[in-house]
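Okay, so chain A shows up in both of these, paired with chain B first and chain C after.
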Partner chain A sequence: MKNVSYIDRPNRPLFVYAVLFLAFLYVPVLFLPLFSFNDSQYIAFPIENWTLRWYRDMANNEPMLAALMNSIRVGAVASILSTFLGIFGAKAVTRYRIPGQEPIIAVIMAPLVIPGIILGVALLILINRAGITLSLYTVTLGHILVCVPFAMATLMTRFEGFDKSMEEASADLGENAWWTFWRVTLPMVFPGVLASLLLCFTISFDEFILAFFLGGTDPTLPLYMWGQLRFPQRLPNVLAMGACILLISFFVVFFSQWLVRRDPDSPKSAG
Partner chain B sequence: MTTKQSFITIDGVSKHFGDVIAVDNVSIDIEQGEFFSLLGPSGCGKTTLLRMLAGFESTTSGEIYLDGKAMSEIPPHQRPTNMVFQNYAIFPHLDVSGNIAYGLRKDKLGKVEQTRRVDEALEMVKLPGYGKRRAHELSGGQLQRIALARALVKRPKVLLLDEPLGALDKKLREEMQLELRALQESVGITFIFVTHDQEEALTLSDRVAVMARGEVLQMASPQQLYNRPFNVEVADFIGQMNFFDAEVMDLQDDEALLDVQGLGQLKASAEGEFVQKGASIVVALRPEKLLLSEKGDAGDENTVKGELSTSAYLGSRSHFFVAVDGCEEPIEVAGQDAGFGAGESLQRGGEVWLSWARESLVLLPVT
Partner chain C sequence: MSESVTGAASPAEQNRPETGWRSRLRAFYHGSEALQGYTLLSPTLLVMLFSMCAPFALMVLMSFWTQIGYEFDTAATLKNYDKVFSEPVYTKLLVRSLLISASCTFATVIISYPMAYYVAFHVHRRKMIWIILMTLPFWTSYLLRIFTWKVILGFNGVINSGLIGMGLIDKPLEFLLYNPTAVVITLTHAWAAFAILPIYVSLEKIDRSLLEAATDLGDGPMARFLRVTLPLSLPGVIAATVLIFVPTVGDYVTPALVGGPDGVMLANLIQAHFGIINNWPGGSALAIVMMGIVGLIAMTYIWLTRFAVRNIE
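So, the complex of A and B:
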C-alpha cells in the first residue's frame, strides 16, 4: 500500500458496485445466446440438450433473410445520408458564426428527446396526408430524422477539436473551399465520419417504432422478429437471430472505438 | 485598378471587431525583397494586419495593394502571398512531402518534377530525407522548417510569417534567425515578419514598424529605431533606456540648454519641433552609452556622481544600477569590458561617476 497513490488505492465498495452494475446490464442479455443453443423450445433451467439447429435453420429462413436485407438496405442508406447531412450541419455550426446558432442546434437535436411513438404518429399522419404510400423509403426517411442528431453530435466533437488554421493553410496554398473540403477537412474528420456511419447504422438497424408506423408490407428485421414472437415454436429461432445480431453489434462498436483510438490526431489524444 | 509606386502599399487600413479596434488607420509601404517586421506587444494588432494581407480578414476601411493590384476583392487562395502560421498548421493526415507538395496540385508538374521541387525545398530548409515523416514525429524547430518549405515551394511574391520562432527555445531561435535571414537573402522574396521580440526584429529586419494599440508608432531601420526613437513608448519598447524629465531653458539655433532632473544643466542638439523654450521634455540615455568610473570631473557637464546600488550579472556583460540625487529611479549602466573590467572592484554603496557623450542624449516629447 505504501507506494500506491491515493487515487490508485483499491476501493472495495466501488468495485462491488461496478460488478453489480455490469451484471445488471449484461446478464439478461447473455441469456439470449445461452438459450439459443438449447434444444428445447422452452426457456427453463437446466438446459438438457445442446444444439446448433436453430442457427442452421436461419440459413433456410427466406422471410428472415429478406427482412435482414431490408434492414441492411435501410440502415446503409439512412446512415450515409444522415452522416452526409451531419457533416455539413456540424461544419456550419462549429465553423461559422450564424445568428441564432443555439436555437438552431436545439431544433436539430430535438428528435433525440421526442418520444419515438409521437414522432412515428406525426410522420405517419404527414405521410398519409401527402398521399405517399408506406414503404421502406418512408422508414428510411424516419430513420434519417432520428439519426441526424447522433451524426451531428459525433461529428461536432470532431470539428471542434479541429484547428481552423488547417483550412486557412489550405486556402493560403491556393485551394478554394471545395478542394479544401476534400483535401483537408474531410480527411481530418474522417474518423468521426466512420464513427457516425457505424452509429447511425446501428441505430437504424434496431429501430422498431418508426419502422412499425412507417413500414409498408416489407418488414425490417426487428419487425420480423416481433412478428415471430406470436408463435412460441419460433422463439428459439428468434434467440439465435438475436445472438448473431448481438455478436455483430459488439464487433461494430469495438471496431468504431478502435478507429477512434488508433487515430493519433484525434482531439482526445492530442488535447 | 490603381497602380501604386511601392511593391506593397497598405493604405489607411483599419480593422474593427465589433467595438474592438484591432488595426487603426495603418499605412505602410514595403519594397520588393525587403525583410520587414511588425513589432509590438501582444494584442497590438500584428496578426490581424498580417491576416488582412493574406486575405483571411477583410479590411474595415482602407486598401491593400500588392504589386499594383488592389487586394480587397481577391480571396486568399488567389493571392500571391503565402503564410507561415504561428502554430505552423502542418496537415496531420499528410506526410512531410504531402504537406510541401500540397500547394503544387494546380501547377500540374508531373510526378518527377514535383518530387524534385519537394526535395529541393527540403534541401533548402536543411531537412533532406524527411519526406516520409509525419507531423507528430517532428520537433517544433523541424515543423517550423517544414512550414517554411511548404510556403516557399509556391514561390510567392510575399512571405508572411506570424511569430514563427515564438515557440522555439532561445538557442534554436537564434540559430533559426540567422538561417531565416540567409534564406530570405538567397530567395529574394519579400518577407513580412511578425514578432513581439524587439531583439529578433532588430537582428533580422531591413525595416521595422513598431505597433501599439493598432497603430504604427514608428517605422524605421533598426539603427534608427535604436538610436533615434520617436517617443518614450518606442524607446521603452526597444532595448533598455533611462528616462529623465527635463525642461528646455534656452534654445539657440540647433542647440538647447536643458535642465535635466538628476543630471543638472547640459546642452544638447535640438531635434524636433517639440523642443521649444520653456517646454517640458524627456531625455533618454541608453545604458551602454554611459561610462562608469571611480573618478570623475565634477566640472564636466556630461558627468554626474552617484552611488552604486545593485548590479545584475547577465552572462556576457553586467548591468549596474547607480542611484543619483534627484533621480527617482537608479540609472542603469551597461558594464564595459575595457577599463573598468566587469566592475568587480566596485563596492556596493561606493561612489561612482557616470559620463556620456553629448550625442548620446535623445530628446523625446512628453506623452
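So, the complex of A and C:
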C-alpha cells in the first residue's frame, strides 16, 4: 500500500501515451513477420496472396543453416565464458569491500559506452598484428567483451539480493569455501546465472558490428543476413528468417528478464 | 576460490600444523578482505583490461603509421591527424554525425521520459511486465530493427504502398528514405528501450513523501514536477543521454541501410578505411579523433548539468 497515495492516482492521458509508446516500439518490428507471409517478392500493401513457402525454403537453405549453427556455437561459448567471468566479478564486488571498487566496475562496464565500431577496429588491429587469422574464435572473443558487462549487471543484482549471512552460516558449520560456493551460493544465484546465460546468448546471437569486423570466412547469422540484404529477390527469405529470430529472441529475453526480476527477496524487484 | 568473508578457517586447516612464512602469508591473506576480493575479481578484470587496453594502445600506435599496400611503414608521422583536420569532408561528416546523434538522443530522452514516468508513478500492479515490455525490443536483433525501417520507409515500402492503396498519393514519396531524418527516426526507435531504464530507476528512487510535501505546501502538479520530480530524476536523464549519444555517434549500420548519400556518418568512413579504402592508420586516426571528441562532449555535458543542478539547489 505504500505507493498508493493521491499523487499516484491513475492518469489517463499518460496511459494513452504509454500505449502509443509501446505501439511505436513494437508495430514497426511486426511488419517483418507480416510480410514474411506475403506471396509476392515485393513489399507492398495490400497483401494479395498469403503463403508459407518462404518458411519451407528456409529448411533447405544450406548456407543459412550453416550460419545458424555458427551463431549458436559462438553464442554458447561466449555466454558460458562471460557468465563465468561475471560470477567471479559479481561475487567479488558484492561480497568484499575492495578499495577502488567504483573505477573497477567502471572499467568492466566500459564496453557498454564504447561505440561498437571503435571496439571492432581496435580488436581487428590487435588480432591482425598478433598474426591471428579471423575466424569464429575471434568473433567469440569480441562477443565476450560486450557480454561481460551485461553478465556482471545481471549477476550483481542477484548477489545483492540474497543474505550474505547464509554463506557465513555455511562457513561456520564447517564447509570450506569451495563447498559453500557449490551448495549455498550457486543455488541461490542460479536464476541469475541462467538469466545471464540467456541474455549473453541473445546478445551474441544478434550482434552484428563486432562480427562484421572480426569474422572470417564462416559467417554468423547476422552477417549472412547482411549479405542477403543486397539482393532484392532474396528479401522474402530474409523476412522469414528475421521473423523466426524475433520470435525466439523475444521469448528467450522475456524469460531471462522474468528470472531476474521475479524474485520477491530481491530488493530491485518491483511490485 | 578464496575463503568466505568471515575468514574462518575450516577445521581441516586449523588442525594442520603450519609454521614459518607460509602460515604467516596464509594468515595475512585470510585476514585481508581486499586481497581476497582482488583475487576473486582478477580473472574478470584482467580479461577486460587486457582486451580493451591492448587493442586501444595498438590503435593509437598505428594511427602514427603509414599504409603502404598491405604493409605498414612504422615510422612515426602526424600526417594522418593532419589529414583528419584539414580535409573538409572529414569535418563535415563529423559535424553531421554529432548532429544526427544529438537529435536522436534528444528525441529518445523526450519520448522515453513520460513512459518511464508513467510506469514509475502510475503503474501499481504487474509493474514487472511493463518494465520487461518497455525494454524487450532492445535485446532483439539490432540489424532487423534497422532493416524494418527500410521496409517501412522504402520506395515500395509500407507507408508508400499504404498511402497509394488508400488513394491518397499517386506515386511513391521519395523523401521518406535515404536521408538524415530516416537515420534519426531509425536510431530513436532502436535506442528508445535503452533510454527508459536509467530514467525509470531514478524516478522510482524518488521519495514519495517529498512529492506529498510539495503538494501540502501548495505546489500544483506542474510546479511539483518542475521543482521536485524533474531535478531529482536528472541523474537518470544524464545517464540515458550519455548511454545513447556515445554509441549512436559511432553507428554505421543505420546510415548504411537507411541513410543514403546525405546520411553518411563518420563511422561509415572509418569502416571504409578498414575495408575498400584500405588505409588502417588513417582509419585509426579517425577513430581516435572521433572518440576523443565524443568523450570531451560527454564529459562537458555531465559537468555542465551537474553544475547547473548544484546551482539550482
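Convention: the second predicted complex is superposed on the first by the 246 of 271 C-alpha atoms of A that agree within 3 Å, B and C clash if a C-alpha of one lies under 4 Å from a C-alpha of the other, contacts with A are read in each partner's own complex, and residues count from 1 in each chain.
As a convention for this text, contacts are C-beta pairs under 8 Å (C-beta built on N, C-alpha and C of every residue); 3 or more make two chains touch, one makes a residue touch a chain.
Given the structure is predicted, the values throughout are model-derived calculations rather than measurements.
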- Message: Going by the contact rule set out at the top, does A:163 touch chain B (first), chain C (second), both, or neither?
- Response: first
- In the superposed arrangement, which partner chain does A:188 touch: chain B (first), chain C (second), both, or neither? first
- Message: For A:226 in the superposed arrangement: first (chain B), second (chain C), both or neither?
- Response: second
- Task: Have a look at where A:59 lands relative to chain B and chain C in the superposition and call it first, second, both or neither.
- Result: neither
- Message: Between chain C and chain B, which one touches more residues of chain A when both complexes sit on the common chain A?
- Response: C
- Message: For A:253 in the superposed arrangement: first (chain B), second (chain C), both or neither?
- Response: second
- Query: Just chain B (first), just chain C (second), both, or neither: which does A:176 touch?
  - Reply: both
- Query: Now for A:113: first (chain B), second (chain C), both, or neither, which partner does it touch?
  - Reply: second
- Message: Show me the chain A residues, by the header's touch rule, that chain B contacts in one structure and chain C contacts in the other.
- Response: 168, 170-172, 174-176
- Please give the residue numbers of chain A that touch chain B in the complex, ascending. 163, 165-166, 168-176, 179, 183-184, 187-188, 190, 264-265
- Any idea which chain A residues touch chain C in the complex? 2-11, 14-15, 17-18, 21-22, 24-26, 28-29, 31-32, 35, 42-46, 85-86, 88-89, 91-93, 95-99, 104, 107-108, 110-119, 121-126, 128-129, 141, 144-145, 148, 152, 164, 167-168, 170-172, 174-178, 180-181, 199, 202-203, 206-209, 213, 222, 225-226, 229, 238, 242, 245-246, 249-250, 253-254, 257-258, 261-262, 269-271
- Query: In the complex formed with chain A, which residues of chain B make contact?
  - Reply: 54-56, 75-78, 81-83, 85-87, 89, 91-93, 102-103, 105-106, 134, 136, 150-151, 154
- Note: in the complex, chain C contacts chain A through residues 1-6, 8, 10-12, 33-34, 36-38, 40-41, 43-45, 47-49, 51-52, 54-56, 58-59, 62, 111-112, 114-115, 117-119, 121-122, 124, 127-128, 130-137, 139-145, 147-149, 151-152, 154, 156-158, 161-162, 165, 189, 192-193, 204, 208, 211-212, 215, 242-243, 246-247, 249-253, 257, 267, 270-271, 274, 280, 283-284, 287, 290-291, 294
